[in-house]
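Naming follows writing order (A, B, C, D, E and F), and every chain is counted from residue 1.
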């Protein structure tokens, strides 16, 4: 996209969609950039489906990942810096005339800060609508019933998505089970993984020796495609409704 | 509590529980301080039940409420200032030796920033465990089945709690229905209140003319007591497990 | 106060009065919240006396107390966070139409930051008038002539106020003399307590073993009442003049 | 002073004295830099008198002067930036081994922020002693009894000091009375100039048409010398006591 | 790269190389992401050439571009947020053991902030070596002698690089001359483009109607390859020397 | 300059010139304030030459000098605080009506932050023109051909300027060679002093045992005068062109 297309898209009242990821450990078999790769893929698919009613903004490759810092290679922003980045992207887009911005984050660690940014924007940019969404949670309907008791980071669903989107980046031979049941955890970690509140965040090195929650070895590209298709349909549907609202 | 008791409590490995509220419109019938009043009541009950294993820290009377600013009297902190306040409370308590801090927030607008603070504390205070919890969501089990389609702020559950805790502060004659069904909303507001993601935060003056979501006129003190008891039991149980972990 | 009363009060040109305290050691006999309790009591009395011309804003329970951190239980904000809290309270009130805000601080450690906030508001909110006042210094006229040479924190005057306002929170049996004469102090501490300038702030653990300056055992509720009445009259008089100006 | 002398002075346990001023209107007859000129002069005299036990640090030429911004030429720092400057000067000196730093401010608008910085340093630099002092208030003993009812900024005392220190920078022909009595003020301004608390800061364009409080035309260099001598003796005495403590 | 490779690379004393770009107008013919694309390409080539002695860190897709904000699509960070991003990337890498980090920026607007970050890191991370480099300036030796008098942004050299690296993203039919001689500029803009100091930064909409400086129509992929090869050789040589030092 | 002259100068469309220095080691023979002294001298000369078309603003005596902190007496600001100081000076001047501000920095460590401030001002103060310049680099034309291979800080050119401007502050007997050739440096330091990019900033204690780069013993006041005259002519010429533009 050049500045010419950007000018036209801003005037046309399109939505800008920003992919946000993380640069953090994803176990022995998946790349540090896994969350960005998934977010960018979903954003491209959503945009394609919306045929000119949405455009892709610049990515945010690093997110809020302090809980993974014990694993080599993880790079994190503080929540305040991540917030500043999002806010300044949005402010720049707002100057060009866009009034609807959507962030798609492949990393759940960004969710809270995205919510907080959305709150502050209500005051600073009252004429702007800011939305955000995670990826995997949109696919609950197609998730297998027999997921391991503990699952999530670098587990069945994330691995499946990568096997579909970028199989060449997955070291299939290195995929290995992480923590799969609550009784593998110490009592504090178990408390942290309970459903519901209170919330008790802890570091991932206390949750899993290899950084994985769940069993990536059972992931298939077919599940990945199913997840991605569901997520893309969900987001594209939302954007269409939003533009029509 | 004097400094003497504080010294003993810190040495004894107790949990500090901090009530957080909001100072924001709660419709024509309930006080601006509603969320703090509920949080402080719950914290007192929890602490009483834990018999010396937990102590009450200083309150945070104002939270993150930019979405209510169109209604007179609402006072809000930015998300970064609210985060700084929480962080500095925690840092002070950490200096005295406490290693477990729990924030009980009566206001859902604080949730995201509490999550973000918890993330940053993983790096800055690795030997501290920080937990937080909302109030009403812990009482799902006792919530009536026939809640209005749209409900929440100043609605059935919050009003019931206030009728139980501080009936003298509720103007019962002024309680009146707010928005109770999605079809009262404009399309953007409707999208904002859908379940699930993407999230699209909007200001409350777009959601409700009187600032109320749901129907406070059907609230009863009995429901309030039931909610409070459930919440108190849930939090006290968590803290007991936490201390034993 | 609900949002309805707030709306009326803002339109009527009332003053908002905000009580500010501290959460810090007050010796073996008085609660950590002593300064907030005194400030809130004074504010209630002042507001009552002004009959609708002033309203009470949300409290600030924690102030600037780094000098007390050596004593267990003290919670402090940095000066910049305390300033942000005050500024954001004021900014919210300003949005609703209030143009006169008064902070009553029970804790002298907040004075400097309140002054600094007042300076910055001259530029950021030129149409707002911001005033602040301490509590005890307004009562000089009724202070006993025979105060100990060193007195102040948790001493005669503060204890007397608490015996008047909240006697049930004072452990009278634990009240004990603190530092009462300059020759009990080391030379640096002595220099720090001299009258006049230069100012040399030091930590309270260097000023007093039990955190007390002066002799709380001679305090009486009668002195407390006298102090409170004088302070309330002084502040109410100021507000009346201010509104008439 | 070169780095060699600095190294010796730091090892010798000297005090560093930092002059702080303001760059703000001083009426039609005195320079914008008046407060810095007076502070630097006092610091030089104090240091000379202390003969090697104190050294002069870098100046801070601009202070906290938002109340003078309506008058051309005034340059101000926000309180947070002024605080950062002081803190970073102190932190640098602390790295070289100094443990006693004194700021001499010719401008009263800096007092609150200097106090706040001193509070924060108690936590961040517990082994450092930080003192600060204004200039003119140290000379109460020699101040004429017949000062005008309203006096202060660019009035009798400041002008006298400048006539003594830097007469070539004073436009004597332009010196003219400013506000000298309370009844020249509007009611809000009068309230702001009352003795005692509450404090109500206002802008100087509301206090005086020419920016002057008091009557500079009666100032004499003799009074200036007397003020300066008293101030220098006061500060030098303090520093000597401090070093001996 | 997974966390396993990251762990090995950190232990092996490798250099991390971070590509930084901009998301800003590049005239009618080149994409907004031009500077990131060039930086990433150069970093990949450099890393390939260094065979395991360097690894690629996460990109920074948005830089400091306020001077391009008048052109649609430009997204900018403030200098302080860009600095925070770089600092937090570096701090994360430092935690894993890396001690040499190099940023390759395709956008000159980032140079000053990268320099400033490097200064602050001397104090905060004294055991880390931080280097940075622009791209095009390293290729002076191969630059044509007959460049237009005014050239630079989106001109001959940048366009040539894009024709070599990503020709499918260049709209060759839209490439058009921008400002090519000083006499097309107004006097302030001319002063701004003089060689040497003083520096007078101005916005690009004052420098060029189409956002281009120079003549992209004469650019060839051969020149692009020559520039890229020279830049890659220069950086790889530096890194090799650095590792050997 | 009083507020009267300031008012006239602002209305007349003059340029404000701000001298910026550093407070840092300048070897055994030159004062810590060397860079400020040189900047102030140049600014006075430039202003004199411009005869009323420019006025002198307040100085910035301390700059960005973390690389000199190993040498006693060096005081540094962080880059963000230095930026805030410059920005707030400029903002104050802008309020009075000035639209052209020039900073003359005697210290190269300030260059990057001045550039960054200039970038941010393009957005925050679009109607202001902000320029900055170093001192010595403007005098390339008169620099001796036989400078030592390594030269710069406290070397031939800076010492010559001081011998011309303030010979009484130079300890000529203590002037001594610093590092003069690359082969005196360790490999990392040598890499850091290469011409061109990548840039690798390091601390000065790694570059020189006595803090000097070059040979100050050969400096002469004649060279100093020649440098100063050239710099003054360059800046005055720029300002004249700027005002005429």
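Some observations on this one:
The working rule: contacts are C-beta pairs under 8 Å (C-beta built on N, C-alpha and C of every residue); 3 or more make two chains touch, one makes a residue touch a chain.
Fair warning: this is a prediction, and the values are worked out from it, not measured in the lab.
Ranking all chains by how far their C-alpha centres lie from the centre of subunit D, first place goes to A. Shared numbers divided by all numbers used gives the overlap of an interface; between subunit A and subunit B this overlap exceeds half, so the copies present the same residues. Between subunit C and subunit F, the superposing rotation on Cα atoms measures out at 120°, rounded to the nearest 5. A straight line joining the Cα centres of subunit B and subunit E is 48 Å long. Taking each chain's centre as the average of its CA atoms, subunit C and subunit D sit 27 Å apart. Computed centre separation for the pair subunit A/subunit D is 55 angstrom, with centres defined by C-alpha atoms. Contact of a single residue of subunit C with at least two other chains is seen at positions 69, 76, 78. Chain contacts in this assembly form a single closed ring in which each chain touches exactly two others. All the chains close into one ring, and from subunit E toward subunit F their sequence is E, F, D, C, B, A.
Listing the residues of subunit C that touch subunit D in their complex gives 64, 66-67, 69, 76, 78-80, 83, 102, 109, 111-120, 122-123, 126, 129-134, 137-138, 186-188, 190-191, 196-203, 234-235, 238, 241-242, 244-245.
Within the complex formed with subunit B, the residues of subunit C that make contact are 1-7, 10, 23, 25-33, 57-62, 69, 71-78, 81, 84-85, 88-89, 92-93, 95-97, 171, 174, 211.
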